[in-house]
Every structure is written in structure tokens, then in C-alpha cells.
Amino acid sequence: MTATTRPLHLHPDRLFPSDPVQRDIARRLHAQVVGLPIISPHGHTDPAWFAGNAPFENPTELLLLPDHYVFRMLYSQGVDLDSLGIPRADGSRAPVDPRQAWRVFARHFALFRGTPSSTWLAQVFHDVFGLSVQLDAGTADYYYDHINAALQTPAFAPRALFERFNIELIATTESPLDDLAHHAAIIDSGWHGRVITAYRPDPVIDPEHEAFPTALQRFGELTGEDVHRWQGYLRAHRQRRAFFAAMGATSTDHGHPSARTADLPPAEAERLFDTVVAGKASAAEAELFRAQMLTEMAAMSVDDGLVMQLHPGCFRNHNRGLFQRFGRDKGADIPLRTEYVHALKPLLDRFGNHPDFRLILFTLDESTYARELAPLAGHYPALLLGPAWWFHDAPEGMWRFREQTLSSGGFYNTVGFNDDTRAFLSIPARHDVARRVDCAFLAKLVAEHRIEEDDAAEVAVDLAYHLPKRAYRL
Amino acid sequence: MTATTRPLHLHPDRLFPSDPVQRDIARRLHAQVVGLPIISPHGHTDPAWFAGNAPFENPTELLLLPDHYVFRMLYSQGVDLDSLGIPRADGSRAPVDPRQAWRVFARHFALFRGTPSSTWLAQVFHDVFGLSVQLDAGTADYYYDHINAALQTPAFAPRALFERFNIELIATTESPLDDLAHHAAIIDSGWHGRVITAYRPDPVIDPEHEAFPTALQRFGELTGEDVHRWQGYLRAHRQRRAFFAAMGATSTDHGHPSARTADLPPAEAERLFDTVVAGKASAAEAELFRAQMLTEMAAMSVDDGLVMQLHPGCFRNHNRGLFQRFGRDKGADIPLRTEYVHALKPLLDRFGNHPDFRLILFTLDESTYARELAPLAGHYPALLLGPAWWFHDAPEGMWRFREQTLSSGGFYNTVGFNDDTRAFLSIPARHDVARRVDCAFLAKLVAEHRIEEDDAAEVAVDLAYHLPKRAYRL
Amino acid sequence: MTATTRPLHLHPDRLFPSDPVQRDIARRLHAQVVGLPIISPHGHTDPAWFAGNAPFENPTELLLLPDHYVFRMLYSQGVDLDSLGIPRADGSRAPVDPRQAWRVFARHFALFRGTPSSTWLAQVFHDVFGLSVQLDAGTADYYYDHINAALQTPAFAPRALFERFNIELIATTESPLDDLAHHAAIIDSGWHGRVITAYRPDPVIDPEHEAFPTALQRFGELTGEDVHRWQGYLRAHRQRRAFFAAMGATSTDHGHPSARTADLPPAEAERLFDTVVAGKASAAEAELFRAQMLTEMAAMSVDDGLVMQLHPGCFRNHNRGLFQRFGRDKGADIPLRTEYVHALKPLLDRFGNHPDFRLILFTLDESTYARELAPLAGHYPALLLGPAWWFHDAPEGMWRFREQTLSSGGFYNTVGFNDDTRAFLSIPARHDVARRVDCAFLAKLVAEHRIEEDDAAEVAVDLAYHLPKRAYRL
């Protein structure tokens, strides 16, 4: 530590309005939700952590390398990914001491001022690790040593943290090709923590994924179905969905470039599938196939009760040079303008009024909140709105979500919060931010005499706890 | 009433900021406008009410069934429209006791928390009916009986309410095929209430409307013109517009899927009309015909002085299954992304600078407020902006409208408020909300020293009263 | 002056929140930046003013005629441009006494209530001219005489104002065909004021500009290159860029209808250029040529270090009739929906990761802030975000820019403020507004405990001073 060390506080009123009337209401509402267990129905933590319960490796591996919110910001300001030791596409890795990478991060920490990362990290540092000075170049080594030491203690093992975080349930996300061995191990271990999976079939549905042919091959081996024929392929999905459901899954998840759906006559769907399997699908045919598969997935959801989630509208791996050097998921995913009204009609024409069907819609295009999504969810019984997602899960984004969906959609066509993260240690902070923003939003409504405080308190509890459980059938 | 009865208040500061500086200014501004008469230049009340002055039937018929804001929210949460007794497409109706339907509504009233419907309904219940407990399952019958009894008294007859609501003028909306008998009856009755019509020719302009051929037939019979030929068709419009104007209309209204306009050479327009009349228009030709007709309507407006309104950008009757069972206008209209800059150019090239032409633009696509509409209206003398519309007439939507149109459009290229409703009893509440939001918005500008309070007061009065009268030539 | 004269104040807390907690923080932050010199790295002042240092002519010529924010609003409310004496396309001008034009302006001044023009003008009147009554019909002549008299004094000569305004550097914008004689004269004069140019090649790049063929001709004469062949054309650009850089330029500026870029194989680019030079380019080919030229300009930027600016998304001269009568730039430019993610990919594939390349992106389509621009700039090292621009540089627009770019882009992928104006006297007011809004925005973050006040103060200084200098390599 140096002479410039600055104290690290978490103010109890953080994210609340400074107006005393609103702040007092927000405090009272927050008191109703602060102790509620965490429901995390959509995310990307690694089930191996909870199966093996091995200690996390070091601060860099735990907090820096898996967090693309963090390293994309560093990269945008000229920090090469090699200087952080990010694994490369060819499996190699620059020979970087993790402490050295941590120092680079610490030196650039001012870049995060005002961003959600700085809010989440402050809470991780303060609440999880008990740190009371701020991270900067002068405290980098102190941080590294302090966190490193903590990670070797039993209190920082994955299961201990899960319990300390008051997580009632967490969902991970797996490919149909996953054997769910870690989930099985968790169940077999007798540990009471609920870690369930979600069925994410993109790799065996997207003909444009580079690994599609091999994934399909493996899909067939795993299921014993003739997955190169349409009916066998659909049966294989049904079989894996049933397996996932048996292992605890209550939902599927679909990350498509657009929200387009289709409802082709069976013979046409079969012909399209043949073209796809033959590796001859044009870009338009690939898009049509993904569209058709959303409707097929919906049909299966009606049968097996898995709640369907659609996360559309991202241009993945936009940075060609970086993709070549470092591969997928390196912070170069960019949201796209996304259309829902025409896109979803084929699927909704079939299942939009079905009492057993449920589709949770997400967007990265905020211009659709008030224009398309809230009007759709405020009408169709099958539709609910997922929370502000990814680039939009900052306080401002959450606030825009509420402001732009409330009038047509209300609170009760939304599903509460998703943390959607692989940054396990930030999960309490992320839920805390969401709860605080919802309480602040409700406090404004109360202060402006649009809702009574006891109703607002009920809404706050519903958003934090009951709505996600109901929406995801947990 | 049960033990859980909760009092119903309307707080005098509702919708005002809780910041004391802004709130005090908002109160003073609101005091200037609260007593102004209501100008309602665009809406969908039934002129038969004011012609016949018969008592309204019961709470369900009056407040629930005509309000698609209300039943779409109920439907989105699994309430079947039959359980409310909504009339079906075939004219039949589920045999539901209206009291029973009212109970369903009351039981689900928490769904509306924070929505504009809850604000409007609270004011209707409290101010119009003098209710002082909240609506919920326990008070449903009390409400039903109380409202029902009131409706049978002379004070709740349509004309009495019109006067009590301090309505200076209300415009209804009629098809060219309407004989305006109710408007004639109102005039003939000698009652001083001003109920005018507006010319809404969509049914005889949209080739894709299922009733277009029969509507056209009737249009010919009514006018004595050969409406199956282009010149006769245009003459028929001119004739009906003149009739509407003679009956008090000062405006026309056009609800198109897009804002597209066209200015075809006469021979081409005539050929297009022939194709339309022959029932052979493709979707693109239908769109082009509607586009051309907007420009034709503009040309007639230059001649007869009727103010033109354009309400584009809605996908009507999106829910196929519901449309088949219950027909049009059942809460399944969904806004669409809408483009104005290229779309309006043909019309504006002809009339955008004409001193006698006026076009009031509305949108359901808020992304166009700051990008397209305010820049257009802040330049073209013929253009004015209609207020936040339909899905956007909640306080948040009105606030966004002002925040996003002020800088390029100012206040004086807007037209004040439209309630645009068939929910007659909610009209005072809707205007009150609009006035309060405008006063709150102005109060913020005053508190941040961007406008002086006496100027703000003048703006508040202009927005509530003078601008709609000027814009609609009332 | 008449009996209705009202005092003109500039409140010291203008544009700060009225909440006392936030206001006090905003005041303290603003105290850190209020005295900083003005960096104006992008604008449209006339270098002749500073070269010749002749007095400005009269209030109308100085404040009204060059300000399309002002006369577009007047025009939208029926004020003919001839009544203001705006020069016509044919070079003629209505014989209007400038005092008469000023009276028209004064009479309509209420139209600007709440708009940024009213804020800027109030500060010009009060701070620059020492006026203490408000402008209206009654004070029009007093204003005219007062300002007119001041303009004849040495303190109001261009260089004196430049110094009084505490401008450290101002950039103008010139065509490659400009000889930069005024800039040379400024340098030769020994005056210490830094007035640099920026390379704006649109006239010799846009095949759809009506003057393109003659501009190209002149481009060849000026450079001695065979600019009708591809390699000669590119060499001519390199030569003029080098000349501009030698005269102080650090940036180029590109005002295209879209953000589209292309990276054609050399032979294809050459064929496309041949088509363009032959005057045979279709609209699609013209668009492709502009797209290709952005990538060519980026390649040159990598070599010569000029920072590239892209200002896309405007439909220029939308009003046909007005364009015919009055020519370009008469307030009829309208923003367009603009796409960046696909559009920029060809250019970014080549230079997005290049350490020597810098591209500053602007938009008139705010829906891209959070969806496209902040995610792009928060990832690519070459990209930075220009400030809220043109139609969006009002306080509300600046606030939306920060709220929608902060979470993915942070503060440090933005470049501080650009005034982008030819209204020289408003420059201090515009920078003051931007600094106040940034301080207010930061004050909210501090008050809600999301950033510490000392960090916020550093950010405020960076936004006002250091970031523009760093971004533009000044």
C-alpha cells in the first residue's frame, strides 16, 4: 500500500435517489427485499465449481479472465489481451504472470468509473473479500495477495460462497451434447445447493456455426437417433430435452442473430433440413432453418413444459483480427437492431394463446421495449419479458427497461432479474443492484403518488423473488 | 366491503416531482390550467351518447368492455375474453353476468399497478363516482352496486357528464359512410355541447381492408358518384369532406400501416386505382395506393381547410386466433418501426411549404421523436406534432415526448393533448394527467433556470388550451 | 424599451439539478472546470474573421443569418426567409433592412422557450454584450442599437473575442480545394491564437454532389495529379492531406449519408472510380464509392496520423421548394436512421485494431448510442465516440448521450465536447452548457454513491479539457 491509498466504502444508500422523500421510501422498500434468497434462473457459471468444490485459482483467473465486461474495456484503451494472459484461439497463452496481469488491470481501473463493472467489483472487493482500500496501481499487489490468500481458505470454496451468498437456486446453461456429469455429481453428493441446467441447443441448430457438422454427428451418437434425417433430429431434441428436464432443467435458451420464427409445412421443413445437413444452406436458408427450429422448440415446450427463452440480436465476434488470434467471446459481440412484431408472428400464430406455453423475450435493442416488446407481452398470454440484458444491465439500462415497459406491460408481465453471468463472485452484487434500482424506481412512483407504498413493497418482493420462480416454473 | 378495505385518495400533488423546489413550481403552474375547459380534438366517443342522452348501462359495459387498455392486460395474464363477456366476431357473446365480469376485473386489479389505467381509473372512481375505497376482490360488489346506482341518476347521463367535465369541444371520428345522424340530432336538439366529427376515410382508402369492396359500393351510393373511376372516386371524397365540414368537422384522420406518401403522375394514379378497384392490387400496390391517397387528401385539405392527421405504424389484429374468435380491436395491435423522412417527402415536396396546409403527425415509434419528427416539424411550416399517442400516453411516455421533441421542435410546433379515447369517463383524468406532466416538465425547466416561471405558465396554458384550438382550427 | 421590459439574468445554478445534494456537488465540480480554456476541435467558424480581424457587420448578419437553428424555427412557424434577408440560391437577396429582420426575430422569440438556442442566446446577450433586459418586440431596437454599437469597438473584433473567450484552440473545416490562405495569414500575422483547419473532402468524394465534376477538375489543377485516374486521385488526397497537416490540421471530417464502408480489391476499386469519373455511377455505386473512400481515408490516416471523424446519417436539403429558392443549408437537413455494426465492419476489419489509427464516430440516431456505438467504442481500440451532435446538443440530448454510452463505453472512450458551430459568439455558451450538463450528470452519480467526488472532479476536467486534446492529438 502506498501513501495514496483511499478508503473503500459501500454506502448503504447507493443507487437510491438523493431526494430525501424518494430515498426514505427506497430504503423502506429495500429493507423488504435485502434478505430474500437469490433466484438465478439464467446464467453461465461452471457447474464443475460446485461439483468439485475446488478452491478458485487466483484473482486474475477468478475475476479478470472470465469477465469480458472487464477486458473489453481494457482492450478498447489499448491493453493487448496477451498482456493479461487471455488464452488464444490455438490454445496457447502468453507467458504472463497472473500478478503482472492483475497490475495491468489495477493500473487502468479508472476506466471503469461510473460503469456497472466498478459497482459490482467494489461490492466483491468489499463484501466478499473484506477489502477496505480502493484498487489502484498502488494497491494492486496488496489486493492480489489478500484475495489469493482468502481463496485458499474453506470459506471461499465454491459451495461455501454459494451458501454465504444465500442462493436458493442457480441455473447454468449447457449444450445438448453435454453429459451433465457435473450436475449429476452435485445431486449425488447430497449437497443441498440447487444447481440446475438449461437446454441451449444453438450448436446443433445453427448451420452457420463452424462446428455444426461435428456437433450434429455427436448429437446422433449421444442419442442413438438418425439425426441426419428430420424426424430423427427432432426425436433427438426431445430425448435430450427430457434428459435435461430429468436433471432439473426448467427452461431452454436460444441465442439467435434475429428473432425470426417460421412455421413451414412439414414437407418443406424436412427439405430445408436436408439442405442444411448437406452443408448446402445459403445464409437465407440458414436463417430460415433457425426460424423454423424456434417454432419446433416451442412445440416441444408445449409438450414437456420447459420455459423457452429467446436472446436475439447480437453480431458475435465482430472483430475479425481478434477472433483469429483469440477466438470467440472476447468482448467483440455487438448488438443489432432487432425486429419482433413480424418476426415472432409465425410462432405466436401457433402457440401465442396456448395456456401451457411460455416464451421469455430478451432484447439488446432498447428501441423495442416500448414499441414492440411491452405491447406484445401486455397482450399475449404466452409472453413475458426478460430483464434488461447484457449491455443494458447497468442501473441506467434497468431504469430504462422499467420506464419503457411499465405502461403497456405492467410489472407482472416481467420476470424479475437474471444475472446472466459467469462471474460467480459478482452475483450478489448484481442482484443487489437490480433490487436497489427496482426499489428506487418504485420509490419514485410512490413519491409521485402513482402507487401506494404497501403495493410497491409487494411489487418489490415479487420482482426480487416470486416472479422469477413463477416465470421459470421453479 | 371486507376488513381489508383500503382508502382511495387522489393526492393533490400526484404526478408532480417530489423535489420541493420543482413541486412548488408545478403546483403554481397547475393552478393556472386546472380550471381550463377541455378541448378534445381527437377521440372515439360515440356521438349516439350525446344525441340520445340515454343512461349508461352498467359498470362493465361502461368501463371494462370498451377499454382495450384494460382487457388486453387481463388477457395477457390468462383471463379469457369470454369470461368478461366481450362480444365475439360472430356477434354472439358468452352468457356472462356483467357483475361476474366486474369481479374478474376487480380480482386482477393489482396487474395495473403503476400503469396509466390505474391512474385514470382511480380518478374515475374517486372524482366521477365519489368512491373512497380501493377496488379489489373484496369491494367488487360494492363498486358494482354503487356505480350502477349512480348511472341511473340524471347527473350521470352523457350530457350532464359532458357539462360536469367542463368539455368545451369534443371531436368524434366517423367513416365517410356515416350519415352523421347523431351529430345532426345533437345540433337539432339545441343542446349547447359542441360534438363535432372528423373525416376518417380508411375503410374506403385501404384496399387491404376486408370490407373495402362493399365500402366502396356504399360510398358510390351515398354520393351518387361513379366511385369505381378515379375522378368520380376523388369527387366523392370531396363531397363527403364538404358534408363533414358542414357538420362541424375541422380535421381528417388517417390510420395507415406506414407513413409512406406518393405523388404519382395523374395517369399513373388512375391506372393504380383501376388495379385496386379490380381487386388485383398486390401488397406493394395497395401500399402505393394508400401513399398516393395521403397526397390526394392533402391536396383536398389545401382546398377545404380540413386539418390532416396521420396516425401511422401499427400492425393491427396481430393475434390470429383471437382475431378469428373475437374480431378487430381486441388489444392485439402492435406498434411497428416507422420511417418518416423518406416516406413523407413526396407529400411535403408538394405541400410542405403551403401556407394553407396543415399536417399533424403522430407516431408509435418513439425513436423518431428526436431523430425525425422534431426536426421535420421544427422546419416545415405545414407540420405540427401530435402528442404522445396510445401506447405512449402514460406519464413516462409524455415526458419522453417533451424531452425528445423540445430541442428541435420547441413547444409551439406541438398541438397540446389528445385523449384519443372511447372511455368517456376517463377524459377528465387523461387531460389532468397530461396537464400535470406538462406542468412537471416545465417546473423542472424553471427549477434548472432554463425558462422563467411566467413564460412557463404561458406555455402551460397554451399547451392545455390555445395550441389545440389553433392547431385544429377550432 | 417599453414598460413591459423584463430583466435578463443568468442564474449561477442554471442547468444544475434543483435537488440540494446534487446541486451542491454540481457546483463544486463546475468550479473545477469553469476556468479551463476552450478546446474547440471541430467547428465551422470562418478563418477569415481571425485573419482579417475586421469588425462584425451588425446583429442580424452576426447572430441571425448564419444560425440555422434560429431561422429554421422561425420558418417552421411561417416566417418567410425573405423577410429575414436570407441570401437566395441565385445570389440575390430580398431588400430587407437588417434592423427589420431583427425585429421579426425578436417578435418570435417566445418560440425558442426551452430550446438550446434560447440558452445560448441569453448567455451571448448577457455575457458577451452585457445586456440586462430580455429580447422581445419591445426591446428589439434597443438590442439592435446596443449590439451594433458594441460591434464597432475593438473589444468586439474577432481576435479580441477569441482571447476574451479563453479559446486555446479552434479548428475550422475546409475543402481540399481551399488554399488555406486565411490560416496562412493568421500564422504569418504572428498572432498567438491557434486556428487550425480540418480536411473535409466530401466535395471531391461524393459523386452525387452537383459540383463533383468541377471540384474534381480543380482538385487536379491544384495538385498537379491526374485525378481522373485512381492512383492519381489517391495521390492528390495524400498531397492535400499533407498540406493541411503542415498548416496545423490534426483531423479529417467526413459527412456521409450513411456509415457504410467498403474494402474492395484494388482492381475493383479502380473500376468503380472509372465509373464515377465517367459520370455513370448509379446511386448504389455512388454509395459504394463513398464507402470505399472512407477506408482509403483510414489507410491514409494510419500513415499521416490525421484523426478521422465520421458524421453520418443526414438527409440534406430535404425541402425541395426551399432548396430551389434558397439553396443548401437552410435548416432542412433531417436525421436518418443509421446503422453502424455492419456498415463499419470492412473498415474495422482492416484498421480497427491498428495502434496508429483513430476514428471518432458521431450519430444523429440516438437509438445507436447504447445499442451499437458504445459497445463498438468500448471494444475497438481505434474507436472513440464524438459528443451528442447537432440536433442532440441540447441539455436533454447531452444527458441521453451520457446515460446511454456510459455503461458500455465509460467516460474514457468519449472525446469531450465539440461545439460544431459557425455561431462564433455562442461558443463560450455552448461549452458552458456542456460542462454544466457533464457536472450535473456526474453530480447525480456522486449523490447516488456510484463514483467518488474526487474521481468525478477528475472526470469533469478530463471531459472539458484533456480528452479533446488527447483524442484530436492537439
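Residue numbering begins at 1 within each chain, and the chains themselves are lettered A, B and C in the order written.
Operating definition for what follows: a contact is a pair of C-beta atoms (placed from the backbone, for glycine too) under 8 Å apart; a residue touches a chain by one contact, two chains touch by 3 or more.
By chain, UniProt protein names: A, B, C = Uronate isomerase.
In this text, all values refer to a predicted model and were calculated from it rather than measured experimentally.
Viewed as a network of touching protein chains, the structure reduces to a complete graph with every chain in contact with every other. Here the C-alpha atoms of subunit A (Uronate isomerase) line up with those of subunit C (Uronate isomerase) after a rotation of 120°, rounded in steps of 5. If you average the CA atoms of subunit A (Uronate isomerase) and of subunit B (Uronate isomerase), the two centres end up 40 Å from each other.
Counting partner chains per residue, subunit C (Uronate isomerase) shows two or more touched chains at residues 19, 367. Only residues 6, 11, 13-19, 72-73, 75-78, 110-116, 118-119, 315, 318-322, 331-337, 364-367, 391-392, 394-397 of subunit C (Uronate isomerase) touch subunit B (Uronate isomerase) when the two sit together in their complex.
Considering their complex, residues 19, 21-22, 339, 341-342, 345, 348-349, 352-353, 355, 367, 370-372, 374-381, 383, 403-404, 406-413, 442, 444-445, 447-452, 455-456, 458-459 of subunit B (Uronate isomerase) touch subunit C (Uronate isomerase).
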